[in-house]
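Both complexes shown next keep subunit A, but they swap its partner, so subunit B is in the first and subunit C is in the second.
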Partner chain A sequence: MKKGLFYILLAFVFSSTIHADVSIKSQSLQEKTINKQTKWVKATKVIPGTKIRYINTMSNNGTVMAQNLVISNAIPKHMLYVDKSAKCDGVCSITYSVDGKVFDVPAKLFVTENGKKRVAKALEYKAIRWIVQTLDANQSSSVQFDTILE
Partner chain B sequence: MKKIICTAIAWMLVGVTCIFAKGVLAGTEISNFATLEYEIDGILYTADSNTITDKVDQVLDVSVVWNDTAPIIVSSGESDRILTFKVTNTGNGDDTFNLTYDIANPSSDFIVTNPRIFIDTNHNGLFDISIDQEQYNITLAADAFFTIFLVSDMPVESYINGSISSNAIEAKSTIGGSGAPGTIYPGKGTDGVFAVDGMSGGVDKDWGKYEMSNDLGVKLTKSATHDGTEVSTGTIVRYNIVVELQASGSADNLIITDAIPAGTTYVAGSLKLDSVSLTDASDSDSGRFTGSGIEVNLGTVMQTPSDPYSKTISFEVIIS
Partner chain C sequence: MKKILAAACVMLLGLSGAYAAGTAAGTQVLNSVTLDYTVGGINQDDINANDGDGFVVDNKNDVLVTTADSVSVKVTPGSTGQVLTFTVKNEGNKVQDFILSVSDAGAAFSLSDNFNATSQSIFVESGTTPGYQVSEDTATYIDELAADGEKTVYVVASIPASQVNGDASIITLTAQVATGGTASSQGSATVNDTGADAEDTEQIVWADSAGETDAVEDGKHSDASAYEVQSASLTVTKGSCVIWDPANEGTNPKRIPGAVVRYTIQVANAAGAQDATSVVATDVLPGTVTYGVGGSGLTQIARVVTEVCSCTSPGTANTGNVSESTGTVTATYESPISASETQCAYFDVTIN
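Our next item is the complex of A and B:
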């Protein structure tokens, strides 16, 4: 009984020291020329044709490494994805979806037009998915993609 | 706002791309959020991002296009002649446009008078004087258009054929319309968003043309008279041909011919123009007998509303 209680207490103590807390924060930016330099600033003036950059930042506020982080972002309605703009800090895999459900690399994404199947264009993507292998405790990492307002 | 979006606007000289775009309506909310899944020691966790919402600002743009396929043919002194224009809201939100005319183009050969602007109230593309309203502003939703008529009177003076008068309609946004792309109007757009003058600067103008007529209608009225009540061999028949013009303007080298009717013989020396005798021979006067008919060259003829043209040619034949 004492041994069982010991293991229960040990498990309790062990689990209470693991703090899983990875948050994700999204922001939208647009380009602006300031003193002849082009910078990305918070998006405040958005008209058709404006390029908006969405940045999602993961922060591991916990005490242990997080693994197999999967970030999914649907392309906002009225926005067109800019080809090859999806990026991440460090190493990641990036896949896309034309239906919001199935994700794959661009060469394997198809749509049907006039009854014929063809490879999807970037502006037809509906969602993006990044997979980051690890994120250490007290570390942050961002993924991003660009879009253009219709 | 269906067009190639290529707005290099002052406060965003970069970051705007030329694309074929539908043009999202001003005030539309664009929202984005992301989801996260991750594992810690084999346990799956999820997290959602905040939702980012941006509101689409309003672009002020307008297009004015002269819609007639060719210059409108007019004559001196005519009233209420029409130039047709199409005014389209090429921005992405509702806007009211002030309409003005410009009849003072320095390249014009003649200046119109009494200009008025009418809108195509019944949207049939045609000017209906009893229906279409004289109006100097229009409110249009994004992508909507109105047909606009510039109605003017022509000068009474004569001008040479082919003379051109250029006249314009201008439409200007009442939200902006500075003429300078990129001019910002904070809070003036739909739902209080920013408004900004687009590539047109929120104002546009196009020129339409009137052209003085070169096509005059010639009206010939022929009558015959003779003495007595019966026509028989030897009866002299007198023919009168009244030559009139059916529009204002001028024409060159107007030649009138008439064949001698079968069964008759031309009376030598009977050809006259406005009671003045013309010789039968081809000489310096304007008439001659060709052997089978008469021919009178009236030369350059001109008519104005205050000075209508009319000449009478007469000749005689004998019933054979």
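Our next item is the complex of A and C:
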């Protein structure tokens, strides 16, 4: 009895101290020249043609590693993806979608134009997906991509 | 900023020219991201996040003025209602009015400006009949021009009568962005919002390029065209030779009473000039001569020939273009006297 209770208590303590507390936040930034230096600041003065950088930052505030992190970001309405701008901290795989459902590498993304199938242009991407294998406890990692306001 | 916009335009046009004006001012743009992950092989609940309220698209003020004249507009001295043509395009992302003005400045068609056309007025094409129509095109500012919209604007002026062939008057048209939204009422010039950026507020951003006489991002744009005077450029030269006298007759005659003197009035039109038409020379004879050949027995020469004067070889008559009445000779030249052409009027008189 005492042994059983001990194991139950041990399991409870163990489970309550082992967890992954993962969060994500998103920022939209624009370039600004301040004192002759170019910096990325919160996007506040945006007209057509302005480049906007979106940075999504994941944080693991828990005690165990989070795995197989899949970050999916639809290209915001009125924005056009800047080719090859998607990045991540460290190692990740990046795929794109032209319909928001199927993701693949650029060479395997197709659209139909005038009845003919062709490789999609970056401007035509509807979403981006990053896959990060691990995020250790007490670590943060970011992914980003650039767009142009139509 | 300009490089970003240029690159964006290249990207946008590659997709669709319909997006040239861009996203409408006041549009809110939001980003959403979803995170899916596992812990210990167990799938966790998805996490969603937004970039707060995103941002509101600001009001891009951008205007382009372009002359529609491919060459200078040729005008005649003393003419009125001469028209220069421009287009004004709203390259911003909102309906705007545009304030129009002209100045005697700028450069156009490699001409040297040396006079100012007078009575300059600006009128906007109404759309009823193409081309400037004095009774239809009466608006003096552009009202409620949509994003990507374009209007034709005319500058109408007069040419002083004193101008000569080759004179040029360069005129610059400037369009300044003004507040739109109220039809038939000219809005005030917009003010570039240089205050603190506000993500949730539609602010005004001047984004125009430098024009003929204005700077980059100043809320306006300009371009130049020119009037170029084309007229005849006539040189008149009078000459004479004595062809007979009572003593020597036709051999080395001298200018003595009774001698016959032949007058020539040569009119030459300069190269590159306009045709001269209805050219008439009048010559009041001095009291010391009498029109005609007197008692010399010669045949009176009174003609206009389409060649350079040769006093002793007056050529072949074109027509009876020379006449005399009460001591005044009138010579009517062949019409037109074209550029680089010379004509000569001959008539004989007798020294009293």
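Please note the rule applied: the second predicted complex is superposed on the first by the 140 of 150 C-alpha atoms of A that agree within 3 Å, B and C clash if a C-alpha of one lies under 4 Å from a C-alpha of the other, contacts with A are read in each partner's own complex, and residues count from 1 in each chain.
One rule holds in what follows: contacts are C-beta pairs under 8 Å (C-beta built on N, C-alpha and C of every residue); 3 or more make two chains touch, one makes a residue touch a chain.
None of the values given here were measured: they were computed from a predicted structure.
> Based on the shared subunit A superposition, would you classify subunit B and subunit C as clashing or fitting together?
In the superposition, subunit B runs into subunit C.
> If you stack the two complexes on chain A, which partner ends up touching A:L80: first (subunit B), second (subunit C), both, or neither?
In the superposed model, A:L80 contacts both subunit B and subunit C.
> Touching A:V105, do we find subunit B (first), subunit C (second), both, or neither?
A:V105 sits against neither subunit B nor subunit C.
> Report for A:K121: first if it touches subunit B alone, second if subunit C alone, otherwise both or neither.
The answer is second: A:K121 touches subunit C but not subunit B.
> I'd like to know which partner A:T38 touches here: subunit B for first, subunit C for second, both or neither.
Once the two structures are laid over each other on A, A:T38 reaches subunit B alone.
> Could you give the residue numbers on subunit A that contact subunit B in one complex and subunit C in the other?
On subunit A, the overlap between the subunit B and subunit C contacts is residues 20, 22-28, 31, 43, 45-52, 54, 56, 58, 62, 64-74, 76-80, 135, 148-150.
> Give every residue of subunit C touching subunit A within the complex, in rising order.
That would be residues 4-5, 7-9, 11-12, 14-15, 19, 21-23, 27, 29-41, 44, 47, 49-51, 54-60, 93, 193, 197-199, 203, 205, 207 of subunit C.
> Which of the residues in subunit A end up touching subunit C in this complex?
Against subunit C, the touching part of subunit A is residues 19-20, 22-28, 31, 42-52, 54, 56, 58, 62, 64-74, 76-80, 121, 123-124, 135, 148-150.
> Which bits of subunit B are touching subunit A when the two form their complex?
That would be residues 1, 5-7, 9, 11-19, 21-24, 28, 30-41, 43, 45, 47-52, 54-59, 92, 184, 194, 196, 198 of subunit B.
> Using the touch definition from the top, list the residues of subunit A that touch subunit B in their complex.
18, 20, 22-28, 30-33, 38, 43, 45-52, 54, 56, 58, 62, 64-74, 76-80, 135, 148-150
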